[in-house]
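Two complexes are shown next, each including chain A; its partner changes from chain B in the first to chain C in the second.
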Partner chain A sequence: MKLAESTPKQRIIAIDDHTMILNGVANLLQQKYAEAEVQVAQTRQAGLELIARFHPDLVVLDLAIPDRSGEKASAEIGVALVETLIRQYPTLNIAVLSANTNPLIRLKPQIDNHEGGFTVSDKGWASEEIVKKVNMALEGGRYLPKDMKLGLEFKSEWLELLRLAFQEGLTDKMIAKRMSVSEKTVQNYFHKVQDVLEVYPEEGQNLRIQTGNKAREIGLID
Partner chain B sequence: MKRTNTRWRKLQQELAVWQIGAIPGLMVIGLIVFLRLLGFLQPLEWWALDYFLRLRPSEAPDEQILIVGIDEKDIQAVGTYPIPDANLAALVEKLQSYQPRAIGIDNVRDRAVPPGHDQFTQVLQKYDNLFGIEKALPDADGNLVNPPAALPPERVGFVDLIPDQDGIIRRALVGAPTESDYKFSLPMLLTERYLNSEDPAIVMENGIADAEAFRFGSTELTRFHRNDGGYVNADDRGNQFLINYRSGQHPFHTVTLSDVMQGKVPPDWIRDRLVLIGIRAVSAGDTEQVRGVDYAKPIYGVEVHAHVASQMINAVLHHRPWLTVWSDPWEYLWIIGWGILGISLGRFLVVPWKVLLGLGLASVMLIGVSFTAITAGVWLAVVPAFLVLVFNGTGLTAALFYRHQQDLQARLSDRQLLIDTTYTEIHNHPVQTLARILQRVREGNLSPQSFYADLERLEQQLRSIEESVRQKVTLMDDQLTLHDGKKLDLHRPIHELLHEVYRNTLSRTQDYPGFATLVKIPNFEAIENRRLTVQQREAICRFMEEAICNAGKHAERMTRLEVSCKTADGKNWIRIADNGCGIDAAGSNQSRYGTKQAEQLAHQLGGEFRRVANSPKGTICELSYPVSRFWLDQLRQFFKSGYASQP
Partner chain C sequence: MLLVICLVLGLGLGVKLVVSHWEMQRALRWWIKQEVIDRATYADRIQNGLIQDLFALRLSLQSASIDPSESLPQQSWLAEAEKLHTILNDLSTAFLSPYLPDSPTLAIRALFQQWQAHHPIQHLQFDLPTDWSPEPLEQSYLILVLLQRLLELTASTVPIALIKVHLVQQNNQAQLSINLIYVETPTQMMATHAKDLKYLRRCFRCLVPGWCHHQVRALETTWQFGWKKWSKPTNKLNSGDSIDETC
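Then we have the complex of A and B:
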């Protein structure tokens, strides 16, 4: 794979048992992140080993994977892998690709507490759309499809964040101090709130202001 | 995954059943084994051995041995006792004229009994197939009895017998080291001579499997050891074996002194035979306690020696069974096996009369097998096996009556449970739908379309209740049926179940339109849930469903709903808090039923249920119960839940 000389290269691991799709995804990623080092695995076990070895910045995985080679693929195994990753690597960026995200709903409380990026894309989407979501995950963002969300569902910390940011008008640094968390966590909370409010990055838009407007509109803040 | 769960549950149920019968059953086995090791069963096991030996079919008289018994009549005819040396010398001379292989004089001759002492001394020296006796082991007073002085030591055998603690002779002592040298018993010397005359190649040798055992040719005379069979810590010094008495009323041809002197004995009873001369008179006192043969008539010492010699000769020449035992591990395996059979009878036959019948059959089989084994020369531990079989069989029968009672109770409480859950389901779903329809009718904003949709939903809800009742009646399948028909395995962690219930209930935007725009603030942490039974899990889930429904129903202008489950201060907390218009407005009759249910549940869990005002407004519905800490408690619950979920 192509390597850049100076910048710290990003490490991406893709886990999928269909080589065609896997290669497709790997190629897309490679195109998008020319600097990145992309590793692939086809099973849950192989994926876990790779992750333990390479400490990637991003894991892209299909839910329907086999536990080990030669075994049958099932979404349950992918869900179990996500559960393990969330537990073992609380700040890992994860991008899930799946045709059916229903099995993932079981992990909703854990996903809500996960401090890394987390996006879910439908395999049927156009590849640009998938890459967009994968990119979002790499940047610590969050995107869950509508059927995984229960409308306006917030953790109490996120509501506190909205109050501090838009009612008291504090900076991230100040918010972090008041909430006794890191600035990175504050940003992570923002990503999650934005996903619930369905405010996503768009060209020429100020994300913070959009978020504040939406929150006010719904009545989360005065 | 699902399959292993079911299998595990089945195992749990089976374990719970076995717990009733098997744990006490195993304790019974342990107790009997313990009593046996302590020796409490020894008398019973001796009794069983004697009884089985007596029960054996008769064997033909042993033609190889002749007993010349000096009886009361002989003594009267001679006129004096001990029998004078002259008479004994004449008897020996008369017998020798028929050429027997060996003659043993089982009569104390340590000093001269005139008249005829010289004559007797000559006879003793003249025939080298003539054997005398001594008493080699000191009795309680330390007395020994010397052999006739004229006999060389190699023709002197001891006649010491070794009774068990109950005074009965069951073992033969055939070789014993003394202070001076190694001595043999009279039967042993006679047997050696007899066998050697039969075939010069047969001599007394050391054993191959057991170097300390005697061996003639290929036959090794298995020794007795201190814990053989029913024996516990017996004195096994010297070389001993268990006497396998020759059964029947006439094990040996027995004649009197006068029969021989008057020539009344057929010559072929003597020629080539082993002849034992002894006293068969009660007045002379040489009677022995034997129970292995019919003991209506007195048994004399000379007869015991004949049995011992006969046992050895027939084992070597005719492969008559030796009396042996199993090694300890096999014996205890055998006992445990019968004990487990006893437990199994109760477990698998279930109906008391069948258990008793099975127990009868098993007992007959045990006794039959043990008796057959005795006839084949193996002494099995029939008494302990019988005890564990009967105690476990009947003990379980008794437990079954108890269990029958309990089953009845369990069935009744299952029925009650079914009624309760059905009631809850009707209350939580169709009744709510009906209430909403009624409200709309009252308010006058009922369109035919929405009325039709409501009725359709009502039908669907009633159908799902029908299905879940049917399922519960046919099998307690440990599943929770949610509003939309989705089924949850109640064995999943409780916080996962609660999260599913929360999501599912808040998705009911058709019933509760306010849920769509409601801000939900969930917090589901993993909480300890091992001690909960399936019924309790279901009840907790229903509690949450009910509380959320109540909030949706009564909490008008509610904009936020907090739902959480977490562990704090040693308690598990399940909390549903809204910011609606509060308790007072919500305290209608309809919620009374739910409150009662929640209080019952809290009571069962040893916890508390509260419905209090939220700040600044709204209602908090809260269930808390202590975290179970003790493994004992968990174990108890494990068995309890296993038993409760038994069909």
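Then we have the complex of A and C:
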């Protein structure tokens, strides 16, 4: 008898000190990912402990959080948490959800090099838009505000990726082999390129084809 | 003998005037610093208080399972909440640009872009560094406020073809150049605001402090500002901090 293979449950952690927001975000996540296990924390310390114990697929966090219970919330603490997460968990998917996301500019180089998904959402957005960005992060995608992309150079490995994918028509596996990197890295490059080109997942559209079209349109490839 | 006495008295008076000017400058900079602390506090209360509460409310409204017949009023509440969010965000920005603590160069860019959104400016061209070494928040705030005043006095009533903004930083010296190319000669506007522009230059020289030149041609004016960046290595504000005394 063959046993049915069970896919592991997705694990998501939400961190926000505002109880109503935390409950609201947890509800949103639970509605979107009915099978997922959603855990919550209200401080940096509690969040870090939960992440170390739980090994989540995704962390959704506010920047204005306190270090410990009873302390004042500040963006410095949230930025420090993002920095720790990027350093300790280089492939972790992170979705920042905050009223003021500008302090993340301090971490621009680290975020640029992060290998996991990374999206930034504003608390002024409608929940559908927030869920869309959270989902992008969970799938390893990338969405950064325009201000964080200023001065970003189009790296030579990204150009090589576009050439191999759209001029030679290679698969991710072959691209990985030619570029001497892992397939996961190839996918990560694609997410970064898509964010720079501002090509994002849309219902009924093939993201790769859209990426190739945009790259041709602006002259990155012939 | 009388000449010597006059010289000594004159010198004493001169020194007293310089010291008095220096003390007044320090006092004004202290005043501005308190002002920035207050503004940062109000902006923070809006961002991390009111806007957070509003977001919680929106989440509750959106996730509440309601009778379909009531969905229309709920949509209108959501639309109102969205409007309120925009107002609060604008209010917070009016107190203190959200970019200022982390990236003064982005704050300058945002200032010009917001100005363009409400005034007849055809093009903006930026040449701003992406990295900016830390400086005290009150110095960045002063630069931004003076630029805002400059725009009010030179770019509010006449159409402008292009504004070029160029900022460079070498060691601890900063140089900012604002080049305005008008569609028609701005003579009348410049004449109307001549006195205000003189005060603006003096404020810049005294408060930042730095140097300021401006050059007027037929359809073009160029403003150049230079200043020494204050040596305080952080943007965190504490009301008890002492002020850099090098000015």
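Heads up, the rule we're going with is that the second predicted complex is superposed on the first by the 212 of 222 C-alpha atoms of A that agree within 3 Å, B and C clash if a C-alpha of one lies under 4 Å from a C-alpha of the other, contacts with A are read in each partner's own complex, and residues count from 1 in each chain.
Quick note on the criterion: a residue touches a chain if its C-beta (ideal position, glycine included) is under 8 Å from a C-beta of that chain, and two chains touch if they have at least 3 such contacts.
Keep in mind it's a predicted model, so treat the numbers as computed, not measured.
Visitor: Looking at the combined model built on chain A, do chain B and chain C fit side by side or clash?
Guide: clash
Visitor: Is it chain B or chain C that touches the larger share of residues in chain A?
Guide: Comparing chain B with chain C, the partner touching more chain A residues is C.
Visitor: What is the contact status of A:Ser156 with respect to chain B (first) and chain C (second): first, second, both, or neither?
Guide: It touches chain B, and chain C stays clear.
Visitor: Between chain B (first) and chain C (second), which, if any, makes contact with A:Gln205: first, second, both or neither?
Guide: Neither: A:Gln205 stays clear of chain B and chain C.
Visitor: Give one of first, second, both or neither to describe whether A:Leu28 is in contact with chain B, with chain C, with both, or with none.
Guide: It touches chain C, and chain B stays clear.
Visitor: Should A:Gly219 be classified as contacting the first partner (chain B), the second (chain C), both, or neither?
Guide: After superposition on chain A, A:Gly219 lies in contact with chain B alone.
Visitor: Touch check for A:His18: first (chain B), second (chain C), both, or neither?
Guide: The answer is second: A:His18 touches chain C but not chain B.
Visitor: With both complexes superposed on chain A, which partner does A:Ile105 reach: first (chain B), second (chain C), both or neither?
Guide: In the superposition, A:Ile105 contacts both chain B and chain C.
Visitor: With both complexes overlaid on chain A, does A:Ser182 touch chain B (first), chain C (second), both or neither?
Guide: Once the two structures are laid over each other on A, A:Ser182 reaches no partner at all.
Visitor: Identify which of the listed stretches of chain B (151-159, 349-357, 385-393 or 457-465) has C-alpha atoms clashing with chain C after the superposition.
Guide: That would be 457-465, the one stretch with clashes.
Visitor: Touching chain B in one complex and chain C in the other: list those residues of chain A.
Guide: The answer is residues 105-106, 150-151 of chain A.
Visitor: Per the contact definition, I'd like the list of chain A residues that touch chain C in the complex.
Guide: 18, 20-21, 24-25, 27-28, 31, 64, 73, 99-100, 102-103, 105-106, 123-124, 126-127, 147, 150-151
Visitor: Which positions of chain C touch chain A when the two form their complex?
Guide: 47-48, 51-53, 55-60, 62-63, 78, 82, 85-86, 89, 98-99, 101-103, 106, 109, 130
Visitor: Inside the complex, what are the residues of chain A that reach chain B?
Guide: Within the complex, chain A contacts chain B at residues 76, 105-106, 108-109, 112, 150-156, 159, 218-220.
Visitor: List the residues on chain B that touch chain A in their complex, please.
Guide: Those residues of chain B that touch chain A are 1, 495-496, 499-500, 503, 506-507, 515-524, 559, 562.
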